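In the part that follows, the structures are each spelled out as structure tokens.
Look for chain A in each of the two complexes below; its partner is chain B in the first and chain C in the second.
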Partner chain A sequence: MNSWFDNALTRAEAIDDWLHEKRAASLALLRDTDWPTRQTEAWKYTSLKKLEQLDFSAGTPAPSINAHSISDLNSINLVFIDGVLQSIPADLPEGLTIMPLAQVPDEHQPWVLDQFAGVKPPQHLFGLINDTLATDGLVIDIAPHVDLKHPIHIIQTMTAGNEAHCRTLVRVGAGARVTVIEHLTGDQESFNTNFTEYSLATKAELEHYRLALQSDAALTIGGSHFNLDTQATLNSTIVGYGSDLARIDVDISHQGEGTLAKLDAIYLLDKQTHFDLHSNIEHTAPNGTSDERVRGIVAGKARAVFNGRIHIHRYAQKTSAELNNRNLLLSRDAEVDVKPELEIYADDVSCAHGATIAEIDQLALYYLRSRGIGLEQAHLMLNFGFINELIDQIPNAVLADWLRQQLSGRFTRMNTIKHSGQEMAQ
Partner chain B sequence: MLSIKNLKASIAGKTILKGLDLTVNPGEVHAIMGPNGSGKSTLGYVLSGREAYIVEEGSILFEGVDLLTMGIEERALAGLFLAFQYPLEIPGVSNLEFLKAAVDAQREARGEPLMSSKEFLNAAREACKAVRLPTEFLKRGVNEGFSGGEKKRNDILQMLMLQPKLCILDETDSGLDIDALKLVADCVNSQRDAKRSFVVVTHYQRLLDYLKPDYVHVLSEGKIIKSGGPSLASELEEQGYAWLDRQPGEEKSL
Partner chain C sequence: MTDQIQKAISREYEAGFTSSIESNTFEPGLDEEVIARLSAIKGEPQWMLDWRLKAFASWKKMPEPHWAHIDYPKIDFQAISYYSSPKSMDDKPKSLDEIDPELLATYEKLGIPLLEQQMLAGVAVDAVFDSVSVVTTFREKLKEAGVIFCSISEAIKEYPELVQKYLGSVVPRTDNYYAALNSAVFTDGSFVYVPKGVRCPMELSTYFRINEQNTGQFERTLVIADEGSHVSYLEGCSAPQRDENQLHAAVVELVALDDAQIKYSTVQNWYPGDEQGRGGIYNFVTKRAMCHKNAKVSWTQVETGSAITWKYPSCILRGDNSVGEFYSVALTRGRQQADTGTKMIHLGKNTRSTIISKGISAAQSNNSYRGLVKMMPTAEGARNYTQCDSLLIGDQCGAHTFPYIESRNPTAIVEHEATTSKVSDDQLFLCQQRGINSEKAVSMIVNGFCKEVFKQLPMEFAVEAGKLLEISLEGSVG
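Our next item is the complex of A and B:
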């Protein structure tokens, strides 16, 4: 045990609101859970030491800060500072309802109670902690067949000396289309947990982003979790910078027939940062497709952890699932720990996975140099191209441009460039 | 401009060029024809400095300077340009970024001021127009998802932007339909002047009909076995390469 966890449990006990039953159930599970050690499989490569001694419960007043809105995105912005929602825009488009988690009207409570800890699986320790502590957050409801032109942009900023626990629930109605951007920022010493649960009804389409751009001393643990009903479509992009402690769990559950999920993840780490992505894709119904591509550049003494699980259940025939993870290591001290896990119980599926430590393509290098581009610059271009290839596929062009700018700026600042990686490792 | 003497080069231990001599003066267009496997592409790769190709013997002077001591990018900056038989796809690196980096490097090497973004964009758009590639292609990854013909035109676009002194076109005409072939030939012709030289590697006379080379050479088994004027190309087109094997003093493989 440790002081942070003890303290969290004590704080959790004091919370009594309309989600009380849900919170109590998770609290009971938590009490039966051992705090992770290096022997705990799900935390094998990620240490919680920095968190264990933290005490931010007193909080520090937030300085006034600008929301990190992205110009030209035409988004509906929802800004949290240290876990506190600033405001909800007044004139929302028809078919879109946004409520603070603490003030959900009676008519919405039944589905919210169903979805709260109903999409996110119970095995995530910090998910349970978030169940018990998250009093702030959002509930977003998109009515059936609504085609929302404006992305919903949830910006969460943490400032020094603060701790926050946020929960967001998003219900996408049948045939509705929406873009949701979860955008986390801040580099000051702080801790937040941030979990989001999405349910996609029949033929719903969700374009999802989790921009985990917290860095340096900002400790952050969270997850995005999705249930897909019949023929629902998810197109998700995750971007991670890594920090002293950064962990994301993604769960995608293909529950209806003929669902489609695309998950791209990019991480760009340097210094001594840490980024841990666990993804778990469950195919429980037939004819589902999942395509997961994870690419990272790791420099300095940074460490990336990627655990990608695909679980194809017995009745999920005709599933097509692909998982590909490629890493570029830019220094000898950089490390990546990769574990693909495939569990297949259906006999008529197509499934492929691969994880590699990538090498610079020598032919591409020659091509660039044959046009007069110097060796070092050619390396930089190809290295960045390695992740830019995924940025190029981001459906929202404005966001893609913005991200390209952010990531290339960050990449340029990472100056410990070494010229090659090593072949194959898992 | 270019003086190659007794060039012997190999790849993976196999000697491909077996004593090649070639002299190209400023403003000249030389065509190199020859059967498959005779070493035509190897010549381009060796000139460009591709690392897998090992020069075993001979010399190459480019504007009086020993080319073999220069790195790949140095050769490009000195004014040598190879249009590839199979231009590479580089997803993730946009055409625009690639072109800008190459043009910047050229201008820096020539001691010219760098182009502003606007100047550059205008020049790139003009070059697109010249090779009839939609300007949207500039935003895409280098050759990513381009058809064979589009890739070739993209290489020619680079040539237009980089303004090299010596252009080696390695079967740039293969895989092009008649219209595209004419377009590429027009682009090349538009770049011809008293200073700029071309070495055009091709299988077909068609491109040469448009380009009207000053010299035609036949490369066979790593050597130039016959040189002549433009009429040599039509003889080859009619009779193939077999008759050349009867030339006295030439080695012949089985």
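Our next item is the complex of A and C:
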């Protein structure tokens, strides 16, 4: 054990609110869980050392922050600074209810109690920690058959010397359509855990983004977890920059028949950043489809970890599941560790996964240079093209444009030209 | 369809007979004294006993590994007898004529053409029958070429400098739980040394068979291919049918020095247990090769037997330009569980590795591929290609893939692909349209599925493997 964890347990014991029973159950599980070591499979490539030494007990008051709203997105903005919700907009569209986790009205409590720690699988250590510590957060309810035109944009910013634990629950009613953007920022020394649980009723459609744009000294561990009922559709995009410690768990559970889930993920790492993405897709019902594409560019002294599991249960016949992970490794000091997993118990399925790790194709580089494009420009074109393929498919054009801008800024920072790959002999 | 599956599953184990040969077996149990007795019976030098005891000391401190995707009751290591030798072998025979005729009959039933092989196939067989190397044929002919092919016990006495130099150099005695156990109690196995620049004049072969009840088979194989040499080694395994589970924990070490080539082929057909999952061999094997400069090691395996298979033939590609290959077909049926795959550790420049794994699961079995491809920072320009395909037959089985890929060099290229599907209805339909019955069609499709691996096997083995697969799949699709 370590001081951070001991301290967290003590803090958890002191919390007594309307979610008390749920929290107590998770706390009991937590006490039976060993703190991960390199031998713990789920933490094989990610060290928690930086977190173990953390002590933010003093706390620092938050300076004034500009909310990172995205112009032209026409979104409903919900801003958290160091885990504290600033405000909920007053005039919400019909069929949309948003409430702080701490103040859920009686009529909503039953389903919230059901969904809290009900979508997220119990094996996530930090999910359990979040269960016990997250007093801040949001509960969002979209009534059946509501087609919400405005994306819900949840912005979470962390400032230096702070720790926060947030939980968001989203219920999408039958046949409803909605876009939710989870947007995390901050690069100062801080720590947050951030878990979101989604339940999609029959024929519900969710367009989901998790923009994990925290970097450098901001430690962050979190997850997005989805339950899909019959014919529900999920289209999710994840973008990560990595930081001293960044870990995201995505769980998609196909519980109804004929569900469709698309998951795209992009990570762009440089300096000494670390990014660990664990995705787990469970097919428990027949005729489900999942399609997962993960692209990563890893430079500097960064380390990318990707674990993509597809689990097809006995009765999930006629499932089609695909996973594709491609990595560009740009530096001699960087490292990529991937583990795509298939666990299949039904015979009439079509499943495949693929993974590659390499540097930029020297021939492609040569081709561009032979047409008069400078080395730096050629690198940038190829790197950008590598991930732009996924960005091009983002349904929200405003968001796609904004992301392209953000990522190109990141590319400038990465200064990929300095990578140590040899130039082709001329 | 279900009936036919049932029929296929309930097919009796064809190599499941017991030979009533008088044997000299230790009481179950394991401690320092047992190891000392075992070492004394084998007339081993002190250094060997010390080595065994050191391995035993570390084994006692090691936890049993549980990471594999297999499920079995706890093994009681004190309930196993660690030595069993056919009694009539006390005076070692000089030729085949001196061998117990019943033993020869056993081999005949197994279909090892021990006598025929001498004339027809030109294969030298070092048959291991319950831990003591019974007969080694073609020794003389190999000697002419300078190739040493003998049991490891003999090598310990006659070539101690080679054994001391290489034993444990690829699989250290503390490598893992089962390797440590093997290091402490290994009873016999084969030893091969191919001198510099020699191309071994024939394919070498061992046949393992566990005969006694409650005995563990702990064989140790050491193959050393000196600079520029070439050797192909075949290994086949079977065991009689019994209700108890038997433990098999082998270690195989291959050393391919500069420019050497080793081809190691295995057809494993241990008793898989009955349809309720009673009995069968627990097969926990550590196989690893060290590849020096420009060396090439190729592992080919056809795994159809054992209740549990835990086996990861690996290559450490240490020398520049060295090549590692792994071709595997693993078939599970009944309640068999296989967790098998490979590790390719790339250290040298321009090292290359190819992994082709075909898993077929039928009935209530589980078949997993588990592999590691690791590109170290020194592996400049290294290349790996991995393909794992799984075929599911029936809706009660499982097929799993757990590949670990770690890269720390940007100039290295790693590619991994895996697919899972069932025997395609379209393919079946096409065959049936052309008058091929469904059973034959499935056999054809499965054989085609495994072709890439079978073509790597030496001729005789490829035929045997194809046949083995055909029999195992008999009637599994209607």
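As a convention for this text, the second predicted complex is superposed on the first by the 398 of 426 C-alpha atoms of A that agree within 3 Å, B and C clash if a C-alpha of one lies under 4 Å from a C-alpha of the other, contacts with A are read in each partner's own complex, and residues count from 1 in each chain.
Everything that follows uses one rule, which is that a contact is a pair of C-beta atoms (placed from the backbone, for glycine too) under 8 Å apart; a residue touches a chain by one contact, two chains touch by 3 or more.
Since this is a predicted model, take the numbers as computed values, not measurements.
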Going by the contact rule set out at the top, does A:Arg314 touch chain B (first), chain C (second), both, or neither?
second
Comparing chain B and chain C in the superposed model, the one touching more of chain A is C
Mind working out whether A:Lys301 is in touch with chain B, chain C, both or neither, as first, second, both or neither?
neither
Touched partner set for A:Cys351, first chain B, second chain C, both or neither
second
Once the shared chain is lined up, is A:Lys50 touching chain B (first), chain C (second), both, or neither of them?
neither
Contacts for A:His108 in the overlay, against chain B (first) and chain C (second): which applies, first, second, both or neither?
neither
Taking the superposition as given, does A:Asn388 touch the first partner, chain B, the second, chain C, both, or neither?
first
Contact-wise, after the overlay, does A:Glu41 reach chain B, chain C, both or neither (first, second, both, neither)?
second
Spell out the part of chain A that touches chain B in their complex, as residue ranges.
361-364, 366-375, 377-378, 381-382, 384-389, 392
Chain A-touching residues of chain C, taken from the complex the two chains share:
67, 375, 377, 390, 392-422
Residue numbers of chain A touching chain C in their complex, please.
41, 314, 317, 327, 329-332, 334-359, 419-422
Touching residues on chain B, where the partner in the complex is chain A
48-51, 71-73, 75-77, 81-82, 84, 87-88, 90-94, 97-98, 101-102, 105-106, 109, 141-142, 158, 162
